[in-house]
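Labels run A, B, C and D following the written order; every chain starts at residue 1.
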Amino acid sequence: MIIGVVTFPGSLDDRDAARAVRMAGGEAVLLWHNDHSLKNIDAVVLPGGFSYGDYLRCGAIARFAPIMQEVAARAQGGMPLLGICNGFQVLCESHLLPGVLTRNSDLHFLCRDQELIIENNSTQWTSEYSIGQHITLPLKNGEGSYQCDDETLRLLESEGRILARYVGENPNGSRNSIAGITNERGNIVGLMPHPEHAIEELTGPTTDGLGFFTSVLKSLIAL
Amino acid sequence: MARFIVEVMLKPEILDPQGAAIAAALPRLGFAGLTSVRQGKRFEIEIEGPATAEKIAEIESAAELLLANLVIENFVVRVDE
Amino acid sequence: MTLDTVKSALIDANQVQPYRELGLRDDEYARIKSILGRRPTSSELAMYSVMWSEHCSYKSSKVHLRQFGEKQPKTDALLVGIGENAGVVDVGEGYAVTFKIESHNHPSFVEPYQGAATGVGGIVRDILTMGARPIAIMDPLRFGPADASDTKRVLPGVVAGIGGYGNCLGLPNIGGEVVFDETYSGNPLINALCVGVMRHEDIKLAKASGVGNLVVLFGAKTGGDGIGGVSVLASESFDSAKPSKRPSVQVGDPFAEKVLIECCLEIFAEDLVIGIQDLGGAGLSCATSELASAGTGGMHVVLDRVPLRDPSLAPEEILMSESQERMCAIVEPEKISRFLELCTRWDVTATVIGEVNDSARLTIEWENEIIVDVPPRTVAHEGPVYERPFAEPAGQKRLQANLPNSIARPRSPEELRMTLLDLISCPNLADKSWVTNQYDKYVQGNTVLAQPEDSGIVRIDEKTGLGVAISTDVNARWCLLDPYEGTRLALAEAYRNVATTGARPLAVTNCLNFGSPEDPAVMWQFERAVTGLADACLELGLPVTGGNVSFYNQTGDVAILPTPVVGVLGVIDDVAKRTAMAISTEGDELYLLGETREDFAGSEWAHIHGHLGGMPPRADLDHERRLANLLIEASTSQILSAAHDLSDGGLAIAVAEMSLRKRVGARITIDGDPFVALFSETPGRVVVVVSQWHRNEFLALAASHRIVTHHLGVTGGSALVVADNFEIQLSELADAHQGTFPRLFAGTR
Amino acid sequence: MARFIVEVMLKPEILDPQGAAIAAALPRLGFAGLTSVRQGKRFEIEIEGPATAEKIAEIESAAELLLANLVIENFVVRVDE
């Protein structure tokens, strides 16, 4: 199974995401923002970082990168697509997921180990977790506060599309402590914390993040 | 050469942490009687040629597409004379 | 304004020139005239003035810094020494590592966010220039009193700037310092360290060699940023009475730099450059003259080709501009098209602005006229050298005689307990998470240790686990009391911190922050500090690979504490074997390594009581070396569960920090005067945690290295217990430790 | 109740990486003929009572102290009617 990781100018966690894919047993390929074709890719990760400097709004410019047209089209057709941090911001800006990520409520960049609770394990990226499972992943961003209108929030809640929430004190002012959401179909997932930085005891707080990558590989094999 | 101003503000119902931080800081600096502070963005865009109706429409669509995120923001385009 | 050309300089030879305003002295100006055999053109004057400034020429420090070369120990590790953009050391397996610290003190006082941000940008380009991929940064910082209103302006801005730039570059921040002292009000110290890694064969040098090779300027366009910033900002102290001297500030674009890094690394990988130099202080003046001076010797530049952000810039200004995120490369003609292709791929502007020749002159043209025609060595490498007078300050003996004996010492268990709480919550020792949580430490996925550990460790090879460790340190109060000994102690501490985590110290960098070199007392501090560092490096067998000098850190007549920040780089063969500081299991044994004496002069305890006087402890480098060897061997054979260096606040603070990390308590027993045992700052000590199984092996190892061990107690419980004295719940300690920074800085931006 | 607008822009000589990024993005989206884009901030401040000269002066000093960084930015205060 081949998972593509998109490198935009300013992407930072692209190599880390590729490493996580390999640690989970998959093959990782770096995709260039200016390319148009996804070739034989089975799933895509939009990595963390500061695409195009994150000037204007995070993810606002990356959304228009040539590769994103194909990514969006394939994801709408069911290809698994995970946006981590900046990738999540790109997904929201692209309207592949509802809502938007705004400045952290205390206005500071925040890097810390964050406890989460998994609330939906029926997506292609979370099947290896159990509902109610607590995991700890690095959270690191300046604009990680999930915001949407009341109607969208009600919908997300009622459809069980909130994938994970922050446990304990809300770190950034996200509505309902949302850390990640999914589309209805469960193939497009956006997540603010970084699973790709929790794959080795040595360099991460836990190995809890590996499940996102093993989940998608399993679901691809099952297809 | 024409000059446009695009003003982008968060919709009133959206939380504005930056505005809130300023509203909290100002009374500490001795400014009383504030009821609200909202922070938004302001763009100055210069183009070649005059500000034709067509150009205005173009700037409007740039604002819609890129400068503002209509999920949370509203915008106004003005020609700067 | 009419263009001042070499031709016109020959004609109106007596034109009055504002050399004094540009910071040149009469004799320096006379020397320029004699070098050129005519008056300089205004562009030449701009170049000489900026390149002969203190910041670029090291004119006051050079005579002393020579010691680092003269006393350099024999070492096979040094691949590139002092003089290049950064030193390079061999870390094994074909890898080379380059690291360096720089200061950005004055710009950060003027505009904290941008000053600190561009400080990070500058040091990262230095590392990149060596051919290395930057892999981590650190930020030793000094501010005025924590509760001063200006500190509330400067610190949050500086921290946001370092985070804003470093995070966007994708460089993990793995350590630093935050220290407060009265003398830094108005003179904060913003030092930044960067470390990079490359293969031996990829090392690049700043040389313009090969007649006919092309000079390429690439990266951001040139604007009016920080024109004269180097000479004005870095060489003159601020005088609040003259706000008009505020220079124009440089604004950083971290995204442009990130793209530039990736672009350069691809260019290096295809071996497309002969030499490369970043544009930092003194901009193009510096890059062109240094490249030419170190290479074949001649270069011709067509200045009109420089892409400008501000088209109204005069040629003098283009030469002086400190616009950020620019590089200058020397490229063979047959490789230029591929070079430009890679720049296009990364959307990086690149322009051929000149050519290498063998004229032995640097010539620059503008609008088809020659405006600069100089021997490049005289600009870049043969600037003025001063033997500034230095003399021990008048009050030095009195200062050393003023022992901290007048301060009432805690005696009762309750007083000792309160002293621990006072110290662990004081700004200098309080938890720095409010700062470090604004820095990404995870990016790149190789950070094995970061703040608050004794040193930062990053892995450089995933297969073998090879990694490097870095720590920066100095107790500047000790340096005031005795700059020679204080600087040796700074090296000893950084060295010990690296060894504590299991890495073998290999090389040293430094950032020497001092007051005005025109003050003989400051110059004395400087001379003593450099001599101390050079001597101590020789004794420990560590080469100094580079560094930075920042003078004029003073307000009026009052200089900052002499602050020679010392950075030690170590290598660890397998990062999986590193020793961390946390007590993580119950029932392990705690040992104190090294002897405790009564050392309160310059201590944090004296500081919180407003006292600074006495003699600092002596650095026992033979002991430090044996201690380091013990710690490294113990890490390699995996017999330590944890280790933590003792520094400010002494034993009590060290054990408290070890307990707070994972919230596992400890019960310790102390001998002798409890106040001395708990709070003395005798150097050369480390607390280690050893499981019962490894205890005998450990004690034997310690004995073989002739290191004195004291059994302190056992780990466990939810409190720190000092037998027969007091106990404190970890929750109470944590509140004291963690509350300070949020209380001081929350709500600031 | 009075409403003020404070507009804060980078001084013209100061690099505006945000504006530059937008200026680079817009042509990729098909908008041609741009000569410059600058991005600044816009604050909407509401206070109790009318917009007296005194209040205007207060807002001006708030802008100087907190809303703008005079080292790199200029600002304008307007009463919004």
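In this text, a contact is a pair of C-beta atoms (placed from the backbone, for glycine too) under 8 Å apart; a residue touches a chain by one contact, two chains touch by 3 or more.
Just so it is clear, the model here is predicted, and its values are computed rather than measured.
Participant: Could you name all chains that are in contact with chain B and with chain D at the same time?
Facilitator: For chain B paired with chain D, the chains in contact with each are A, C, in label order.
Participant: Write down the chain pair with more C-beta contact pairs when A-B is set against A-D.
Facilitator: Looking at contacts between chains, A-B has the larger number.
Participant: Distance from the CA centroid of chain A to that of chain B, rounded to the nearest Å?
Facilitator: 29
Participant: How many angstrom lie between the CA centroids of chain A and chain D, rounded to a whole number?
Facilitator: Here chain A and chain D have centroids separated by 34 Å.
Participant: I'd like the Å distance between the centres of chain A and chain C, where a centre is the mean of that chain's Cα atoms.
Facilitator: So the centroids are 36 Å from each other.
Participant: Using the average of all C-alpha atoms in each chain as its centre, how far is it in Å between chain B and chain C?
Facilitator: 41
Participant: Which residue numbers or ranges of chain B touch two or more of the other chains?
Facilitator: Counting only residues that touch two or more other chains, chain B contributes 21, 25, 66-67.
Participant: Scan chain A for residues touching two or more other chains and write them down.
Facilitator: 52-53, 55-56, 61, 64, 106-107, in rising order.
Participant: Would you please write down the residue numbers of chain C that are in contact with two or more other chains?
Facilitator: Residue numbers touching two or more other chains: 253, 255-256, 347, 749.
Participant: Are the chains arranged, by touching, as a line, ring, star, complete graph, or other?
Facilitator: Contact pattern: complete, every chain touching every other.
Participant: List the residues on chain B that touch chain A in their complex, please.
Facilitator: Contacts found on chain B: 13-15, 17-18, 21, 66-67, 69, 71-72.
Participant: Considering the complex alone, what residue numbers of chain A touch chain C?
Facilitator: 9-10, 12-13, 15-16, 19, 48-50, 52-55, 106-112, 138, 140, 142, 194, 196-197, 200, 202-204
Participant: Given the complex with chain D, which residues does chain C contribute to the contact?
Facilitator: Going through chain C, the ones touching chain D are 110-111, 114, 220, 223-225, 246, 248-253, 255-256, 309-310, 323-324, 347.
Participant: What part of chain A is in contact with chain D in the complex they form?
Facilitator: Touch residues, chain A against chain D: 52-53, 55-56, 61, 64.
Participant: For a test of understanding, state which residues of chain A touch chain B in their complex under the given definition.
Facilitator: Within the complex, chain A touches chain B at residues 56-57, 60-61, 64, 92-93, 98-100, 102-107, 145, 147-149, 173.
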